[in-house]
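Take a look at this one; I'll ask things after.
Naming follows writing order (A, B, C and D), and every chain is counted from residue 1.
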Amino acid sequence: MTIPDVDALAEQVPDGALLALPPDYSFVPMALIRALIRRGVKDLHVLAVPISGMAADLLIGAGCVRLMEAAAVSLGEAGLAPSFTRAVQDGSLKMRDSTCPAIHTALQASEKGVPFMPLGGIIGSDIVKYRDDWKVVDDPMGAGNGKILLLPAIKPDVALVHAPLADKYGNVWVGKRHELFTIAHAAKTTLATYEEIHDGDLTADPVLAAGTIPAMYISATAQVREGAKPLGLAGCYPIDMDHIRAYAKEARSQEGFDAYLKREVLGRQAEAAS
Amino acid sequence: MSEAYSSEEFLISVITRLLPERGNGAIGAASPIPGAAALLQRELTGGAFRVSLIHGITNNPFTDGGRELFDAAGQGRIDVFFLGGVQIDGQANLNLVGTGAYPSLDRRFPGSFGSAYMYFTVPRVILFRPEHSRRVFVDKVDFISAPGISPPDVHRPGGPHALVTELCVMSFDRAQGRFRLESVHPGHSVEEVRDNTGFDFDVPDSVPITPEPEPERLDILRAKIGREVAGTYPDFAERVLGYRAKASA
Amino acid sequence: MTIPDVDALAEQVPDGALLALPPDYSFVPMALIRALIRRGVKDLHVLAVPISGMAADLLIGAGCVRLMEAAAVSLGEAGLAPSFTRAVQDGSLKMRDSTCPAIHTALQASEKGVPFMPLGGIIGSDIVKYRDDWKVVDDPMGAGNGKILLLPAIKPDVALVHAPLADKYGNVWVGKRHELFTIAHAAKTTLATYEEIHDGDLTADPVLAAGTIPAMYISATAQVREGAKPLGLAGCYPIDMDHIRAYAKEARSQEGFDAYLKREVLGRQAEAAS
Amino acid sequence: MSEAYSSEEFLISVITRLLPERGNGAIGAASPIPGAAALLQRELTGGAFRVSLIHGITNNPFTDGGRELFDAAGQGRIDVFFLGGVQIDGQANLNLVGTGAYPSLDRRFPGSFGSAYMYFTVPRVILFRPEHSRRVFVDKVDFISAPGISPPDVHRPGGPHALVTELCVMSFDRAQGRFRLESVHPGHSVEEVRDNTGFDFDVPDSVPITPEPEPERLDILRAKIGREVAGTYPDFAERVLGYRAKASA
């Protein structure tokens, strides 16, 4: 058995997959995103949980995305996500607008194996108007609670995560970033890169277990040091804002994006473990 | 405007006055001015007003992932939240999605984030949009990310409380569905507000001038809050509050 | 300000409260249960999340419980819960039967602030027949998913927990026992006893934060060493099975229970912090 | 029955044969015999069959609290689960609540636990009830904690697969809603099973004798599984498998 690397993991994401991505502040596997682009993945339905930035913008700019579903796509302090903005404005990307708790809730529905889940608020937002998969109903309990929004479950084909720690059993430690628990529970499978190997069983450690996604939800792991860069990994390294700002500027044109892609993604043939 | 404080410091002081003496305030990722105002209020209330910087490394008490803020709001535990908008109209409808006809927008913005939920669940939502222009304050938003008011058969404990811009402070009457001008900032006029607002709003007979920042609050802001916000808004902490964080995770 | 002790916490549970209790394997504050009995609390609606043993049985035997709601009440390897069994059989206790995931789900509904939540399975169980607050409906999404059970939210007035660690800010560390997160989120307030004080802010520690209930959910804490005994506290001390077995035998009669109560509960006037 | 193994070891070996070559098995708190069988199968399959002792200190991979087992079952990730019953009837309805007329029961038992859900979601539920008597195996249970079969408009990927008692092994045909006798344990007869079963069931022309434990499996059981189960079932590990755990948390 060879030790899987990031490119081997990228092979496990089929074209057309419903792919769940964590938000920029939450352990995004950027090296794996770059490997996905190198592998030439196509027609993705990308679900941001619930927002995305660099990861979604790179995939969109590289032409890998058929449908983007998110509460927002943004580079945060660095401003608008340039490829996303351009692709929506020129009509080349189909955007399915949502709102943060709706995405969390739809994943919780898959986590529980129920076909839908209710959520308060939102009624009257134009988001509802353009979501024909959502449904506003009169309180189905008949308890006089008025109208409520029902959201169908979202079951990602693949979820991606980069973690500070993993162990040889395939358990992955993500600390308090419990949205990654929910994503992993909801998704058919999860692929994880990680910084460091933990010596022992993460689920057997009474302190680390509280932040560990058990191996039963994870189909493959690969060690990739600095695997979230240029984004940050809380407790390990900060976000490289100079890089993000430079990207935001360079990628304002497709030519600029292509230059970035060639230099920073396609040019990095192998992102090694060390 | 006096040379004694920056425009950001002025807005921080304005927002601080809109905050309650106790309760929980939550602040989103891209909101350093509300964030600093909330942390200042925490300082002024001796911690009775609690603050969560929801994507912050520091001052972020949430431990159950991205949904916890929304769950907590649904539980009624979040008393204050801040929202903005690419466009805001006279019924306090917010547009965070873009301008033009959806879905083929002329200008696309990031998206609605959690606005469509927080606006329903948080009792005191403060709208903060410095740019006061007819481009922002329109008669009718092109896309309603979050509606300002709701019919009675929709459960809605939350909603808009006030609007702060570079020109003025307005309150919002939820029963009437209308804004009301509460004060105009020093150096600006009611006419200027009217000229730059694309919707109709109530104007009392006498409109006060927004008070300037209290010097002792400015001292606290500069001495203590820079360090607090640096973990979440390093650029802002350095540029506005003169606090330079050490480079670290 | 005086340092709150377990009896001060017990004062904060009003008569008639809907009181949520963790299961025996999950950090039950037994010292606080004993203090509640000493304070003479009455008319409780006890919700086991989702099962209970010693804690519920003591409260029932001492006459503190008006309504018991649980998926099961049992002493585990030590057999039937004697007071519970006797009280149901002689008709003095009203029992609201449930099933484990229904209790978790109804708490999740309160956690999300929605009036109900759906749950798969269960239809055809007699539990449904006797729960007039539950409702079986045709798929309200209209997606042809057949019948589904809707459960109204359960919002406990007070939840009780015993934790290995707490800090001076009122944060409470429970590790991977995340049902305690859900209970605390769902309940109006939570009272916590704890073994040891953590020096520092538990929510600021990247490893401990993953198992920490933040102070915003907790209204009071008190240090009680060995506060879960005779039950166990994973990582600290094991369950005292000899004690549980002796209780199971002694409490088979009300007289036996009363003797146990006098000796082990009423006789322990103050359970000190050390 | 041979002196070479105990009745518990026999039942463990019977259950082990009912387990798949791969997948996830979950075992509840009060089920040491199924727990030992599952751990033995894990050993025999080199770990392809995975085991969760859901209340165990060891062999418990769950990290998201009490609901994770049920959520995982709802996700279709749990392949094998074990249930019992105070009463079990011919349609595989389970009663874990008590005997007599509900709610004023003659004899109250602990309650339904998660049976009403796991029975619907886990494809291979193995019913395990050593006591084989007409008190247990009744024509119709007094209270249905979990129904054996469901109408087509109720989503149900899971259900009863087999029944193991001190006398026999039965399979369950979900389409017919009937048990079928698969084998009778050494030293017992079809007549004995019939006499002690309060419901009708299918009996093939020739009923095999349940095989005795394979000696090599007994060796593994005794050498390795005692230590594994001791963390969760210390009494059982010591009494049945001769493993004495050190007293520790």
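One rule holds for everything that comes next: contacts are C-beta pairs under 8 Å (C-beta built on N, C-alpha and C of every residue); 3 or more make two chains touch, one makes a residue touch a chain.
What you are looking at is a predicted structure, and each value in this text was computed from that prediction instead of being measured.
Visitor: Measuring between mean CA coordinates, which chain is farthest from chain C?
Guide: The chain lying farthest from chain C is B.
Visitor: Hey, which pair has more contacts between C-betas, C-D or B-C?
Guide: Most contacts of the two pairs: C-D.
Visitor: Round to the nearest whole Å and give the separation of the Cα centres of chain C and chain D.
Guide: Roughly 28 Å, centre to centre.
Visitor: State, to the nearest whole Å, the distance from the C-alpha centre of chain B to the C-alpha centre of chain D.
Guide: 58
Visitor: What whole-Å value do you get for the distance between chain A and chain D if each is reduced to the mean of its CA atoms?
Guide: Measuring from centre to centre gives 40 Å for this pair.
Visitor: Mind pulling the chain C residues that touch 2 or more other chains?
Guide: 105, 108, 112-114, 119-120, 145, 148, 176, 178, 181, 209-212, 234-235
Visitor: Using the touch definition from the top, which residues of chain D touch two or more other chains?
Guide: Within chain D, residues 62-64, 68, 70-71, 74, 121 contact more than one other chain.
Visitor: Which pairs of chains touch one another in this structure?
Guide: A-B, A-C, A-D, B-C, C-D
Visitor: Applying the document's contact rule, which stretches of chain C touch chain D when the two form their complex?
Guide: 23, 25-26, 49-51, 70-74, 76-77, 80-81, 84-85, 88-89, 91, 94-95, 97-102, 104-105, 108, 119-127, 130, 145-148, 176-182, 232-238, 241
Visitor: Give the list of chain C residues in touch with chain A in this complex.
Guide: 105, 108, 112-120, 135, 137, 139-143, 145, 148, 150, 152, 175-176, 178, 206-212, 234-235
Visitor: In the complex, go through chain A and note every residue touching chain D.
Guide: For chain A paired with chain D, touching residues are 110-114, 171, 178, 181, 185-186, 203-204, 209-217.
Visitor: Contact residues on chain D for chain C in the complex?
Guide: Interface residues on the chain D side: 29-30, 55, 57, 62-68, 70-71, 74, 96-98, 102-121, 143-147, 150-156, 158, 233-235, 247-249.
Visitor: Per the contact definition, I'd like the list of chain D residues that touch chain A in the complex.
Guide: Chain D reaches chain A through residues 24, 50, 58, 60-64, 68, 70-77, 121.
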